[in-house]
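Take this structure first; my questions come after.
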Amino acid sequence: MARLQTAVAGLGRMGKRHALHFAEQTPRAQLVAVSSPDESELEWARRRLGPLGVTVYKNYDDMLKHEGLQAVVVASATAVHAEQTVKAIEKDLHVLCEKPLSTSIEISQSVLDAANRKPHLKVLCGFSRRFDASYRDAFAKTQAGTIGRPSVLRSQTCDKLDPSGFFVAYAQFSGGIFVDCSIHDIDLTLWFYGSEAKVKSVSAVGITAVEPDLRQFNDRDNAVGLVEFHDGRIAYFYASRMMAAGQEDSTEIIGTKGKLTVNTQPAMNLVNIYESSGVRRELPQHYFDRFREAFVTEAREFTDSCLDDTPVPLRLEDAVQAIRIGHALQEALIGEKKIFFDQTGKRIEKAAL
Amino acid sequence: MARLQTAVAGLGRMGKRHALHFAEQTPRAQLVAVSSPDESELEWARRRLGPLGVTVYKNYDDMLKHEGLQAVVVASATAVHAEQTVKAIEKDLHVLCEKPLSTSIEISQSVLDAANRKPHLKVLCGFSRRFDASYRDAFAKTQAGTIGRPSVLRSQTCDKLDPSGFFVAYAQFSGGIFVDCSIHDIDLTLWFYGSEAKVKSVSAVGITAVEPDLRQFNDRDNAVGLVEFHDGRIAYFYASRMMAAGQEDSTEIIGTKGKLTVNTQPAMNLVNIYESSGVRRELPQHYFDRFREAFVTEAREFTDSCLDDTPVPLRLEDAVQAIRIGHALQEALIGEKKIFFDQTGKRIEKAAL
Amino acid sequence: MARLQTAVAGLGRMGKRHALHFAEQTPRAQLVAVSSPDESELEWARRRLGPLGVTVYKNYDDMLKHEGLQAVVVASATAVHAEQTVKAIEKDLHVLCEKPLSTSIEISQSVLDAANRKPHLKVLCGFSRRFDASYRDAFAKTQAGTIGRPSVLRSQTCDKLDPSGFFVAYAQFSGGIFVDCSIHDIDLTLWFYGSEAKVKSVSAVGITAVEPDLRQFNDRDNAVGLVEFHDGRIAYFYASRMMAAGQEDSTEIIGTKGKLTVNTQPAMNLVNIYESSGVRRELPQHYFDRFREAFVTEAREFTDSCLDDTPVPLRLEDAVQAIRIGHALQEALIGEKKIFFDQTGKRIEKAAL
Amino acid sequence: MARLQTAVAGLGRMGKRHALHFAEQTPRAQLVAVSSPDESELEWARRRLGPLGVTVYKNYDDMLKHEGLQAVVVASATAVHAEQTVKAIEKDLHVLCEKPLSTSIEISQSVLDAANRKPHLKVLCGFSRRFDASYRDAFAKTQAGTIGRPSVLRSQTCDKLDPSGFFVAYAQFSGGIFVDCSIHDIDLTLWFYGSEAKVKSVSAVGITAVEPDLRQFNDRDNAVGLVEFHDGRIAYFYASRMMAAGQEDSTEIIGTKGKLTVNTQPAMNLVNIYESSGVRRELPQHYFDRFREAFVTEAREFTDSCLDDTPVPLRLEDAVQAIRIGHALQEALIGEKKIFFDQTGKRIEKAAL
């Protein structure tokens, strides 16, 4: 049985997981190489992946020349996502790139352009929620007409409070809270409403409730955004870095005949604790705790798509469109204004009434 | 508009509530008198009820002679429930008697006999759960066939842990944990299965996990009982004095086509608290917190029944039968044996197979 | 015991309930009179309230002259709320006025002015959620510091889908979805953030997903609004006429240290139904099903406030301010623009950055 | 990296899953062989496992001779569990045997004896719940003292209603509902109470609510059992073949200071469906849907234990003791009696009081 010869670039928190998913949980793939510029990450790879026969590279370009390589997972720092993805495409390799392609619209578009020049390659941007069993069930029910026409979508991506200052340091590179967090909710919206949904307006507000230093990077720790579509639908998003109990990523899809909710009662597992202060349950602490299985499914389906030459589960165009909407929300937030677009996506000064 | 002239005997925790329910929340009733042998309770009555025109008696028999009196609520100590109820019946007064009629089967039967001699009187034993909106909804759905034939019933009456020693002191008079707590669950079973359900066998086990001193009164702080009926149904009950979080009274009615649950996710109100240890909700601390509205409904429906000469909402026979089953469970618990009955309710040495 | 001599004006759905609450569930009040211009409502009053000794008036002004009258509940059509309230104030009567005072800011302000001229009178605008036990528990916990500084508030008032066309007919008088529905959520925000919170900006979007005819009255059937406050807090609201399962009024208060939710898992009662399609629970169908007890508490506390000369539970200023914010949201919705205010509440063309 | 050379015997529903778990989800194991007497199962194996290099045997004994084989998973019919396990032990192979070892106490004991003669071998009976993340969390919290001393345990194993007659056919071989279903709950009890907990008495009742034909095999479709332990603890179990909504396996562990629940609000995933009849969620339909991940963890930990020579996660003695208790419950159920044991496990006629 031929297995997809795969390499992983970047071995930070997510890179390590992708490497292990391809090495140990994706039967049709074989992890053959990894790369990282970081010595401690390389040390981890030699110890953990070396015994599995994985070659460890310090240099990404060297890794691309690995004999027989067919696919690359780009899990490095966001700043090099696009460059590494394009290089891999140019080497005729399939690519699974962690989200976002880039925090820049233009650079994201350039990745799409590169991919479009090689239509035989599979290029997937890893929006993990698309691979989650609950979201898929909600999507299937929506497609089956259970809720009529989806018309209002509420979605939030909210991280656990981290008093270490991490989020401030991270804000320099994240593209802002809408581009970093709400991008998932935007992608869900494009999925449930269809890629043909055209944005009519965006507006947003935000605050720095716990991390005033975020302002120096034009970022906020809590933000709410509204998106209006030309076909008479709306979506609204909440992103936060301030959840006390844990990761809270939840979604409501409200249709003309019913409503579906995903994870509006978050829980780490099936245990409830009855004690003198009441009944308590614990929450996932990090998005990976919540989406662990989705990442494995993503690895398997990307592999299937490459080996079987079937379409990747989500269009790369959507990943670029999500960045566009995230940028518009971020601009509305920082610039304190409502922004309008015509049906072709062109920005206009005032909405057509 | 004629209002039911009502008196309340006993002004302990429940008596006070009954008095206020009839004085202030039962439009068709008028509270005209109360009695208590306890001076501090009388003092409360003079202060709180005096301004409402309520006459305060130290002596129950005197109160029964109150001009124009039509109905009595017996909320005194369990030991005098039966005696006071019978006296009121003999004075041609309607009676709402707190549960149980007595901890003794024979005395309970004597109340029923007295009531049967005056069929024009309304005599109601106050099993509050029969007046609870959720239990009534479950009963209505059962009657409507939603779950097919109810065949297995699980029910529990579990009190909050009280380290004060109250439960030990109380055990001298309570009749035991099955007679005191599970009596509610037994009554629910008679309601959902129908009064014609005949007990075939009972068995039970119990422990003293936190209150070893209960053993001197032949009682336990946790007990589980099984009841088998001749018509092929079973019920099982859990009673406890050891709940950390609060009162936990819940029921499952399992039928051949579905299941109904009542209060299997207890909560004091609609608030959830998200904090660093997880998501928490508080619980009712006492059965009155849980059944507050049911007691008011009970007062109103008893009043309606007296004024309109309609049947009381629950048969007094069931109240006596509940005591019988409670006693059998208590004997099975303490005597460590399984007890069998024939179809006529006669005890037999071995089940007819 | 002196009881507050109370009259109710208007005997529609809410008026009937107010009348019964004051007649039968408010021990310190006595319902002495009611009025309605509608013959069928008067007929109901004669039959249901007549036996309780209540005088029935066809004319509001006549009722105000009722001997000994001390307080009036204004539960008539919104269009006459203000006029009737002011008339009662001028007659030196306490007033409990159903929300809103008026759909007009100016008229609402005129009621406040009238009340301010008679500081010895109690004038309460009936925002029922302030009297709900769960909201009060959440407020008490917020005051106690459980969640740190409340910084983001999400709240929704969502009605059950009503295909009868009722909402279209109603839209002519309702003031629009933000003034009619979200007014409750705005009031909650003023409660939790404090009356001193000053609005910095509002924005809003809306659609007509099921009732396109609402557009002729400048209304929508689903709308989302954002409110930003000068002190670094935000609130966002969702209002809908399209809920399939029932009334869904829920709130999240998100603070710097924790979060409180109210009714994010709505349920009619404590019953769950297990059947072949899964586990199901039913929902309240109408806001009165959800807030039944709150209306009774409102009646009692208004009565206490009048008899004991204590402050009413919510400032009339807040009721006027809620209308102002509702209007601004409605204008942002229909005018498709973001609207800014300075610290004094004056509208400005562009936010001070 | 050396991988555990593993074979799977039996390729029915569970056998197929075990085979795939060892082939594709257990990095340290290699599936090298499978066997089945069933031609259609062999055909599946050739098609699905052949490409992975797995040798397919029609005969179990032949498979045991597979070159380099180190471990066997026995997933065949219950009737041959013990025989195949003993044969593997005698060939010096590690064994993971599906539960139960046998429906006979004596045969189960003979497996334990065989294992005890080869203490260097790992012999694990696959009680999947011990590998479930939620049960493990509950166990860890219990060990940490969160609930004080565990004193009452309620646990149920309830299958979805299957009107096909499957359960009747199955009853011939299952050992009865307590041995087949409650064995899991008994095992959980031994885990949480400790293997040293000695049974004092058992009692049980049961009915045939939907499958009267079960009686010909001395079985029931609903049964409740009570187990009392000599150290002052109790456990009670409910087993059913009649759940309308799906698989319902839930547990409560009640201690002197608190309570833990596992899966008392079952759900298939994180989706809730709001529709005109209320809010609904779907349930797992089969135990495998619920315990999917636990089976994978079981495969991995068995493999680790074999390769690293560490103790298996659950003592084989417990698996035999669980059968003993299941048998006693089944006898109490069918024989309509309470059964007593002394501290040494010897059956006695009457409990020592």
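For clarity, chains are labelled A, B, C and D in written order, and residue numbers in each chain start from 1.
Definition applied: a residue touches a chain if its C-beta (ideal position, glycine included) is under 8 Å from a C-beta of that chain, and two chains touch if they have at least 3 such contacts.
These numbers were taken from a predicted model, which means no experiment stands behind them.
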- Suppose you hop from chain A to any chain it touches, then on again the same way; how many hops at least until you reach chain C? 1
- So which chain is the furthest away from chain A, centre to centre on CA atoms? B
- Does C-D or A-D have more contacting C-beta pairs? A-D
- Roughly how many whole angstrom separate the Cα centroids of chain A and chain D? 39
- Message: I'd like to verify one number: the distance from the centre of chain C to the centre of chain D, where each centre is the average of its C-alpha atoms, in whole angstrom.
- Response: 57
- At least two other chains touched by the same residue of chain C: list those residues. 147, 243-245, 257-259, 264, 268, 273-276
- Residues of chain B that touch chain C when the two form their complex: 1, 23-25, 27, 51-52, 133-134, 137-138, 141, 146-147, 257-264, 268-276
- Query: Quick one: in the complex, what on chain B touches chain A?
  - Reply: 243-246, 266-268, 273-283
- Message: Can you tell me which positions in chain B touch chain D when the two form their complex?
- Response: 147, 149, 151-152, 154, 201, 203-210, 222, 224, 226, 228, 232-234, 236, 238, 240, 242-245, 254, 256-259, 264-265, 336-338, 340, 350-351, 353
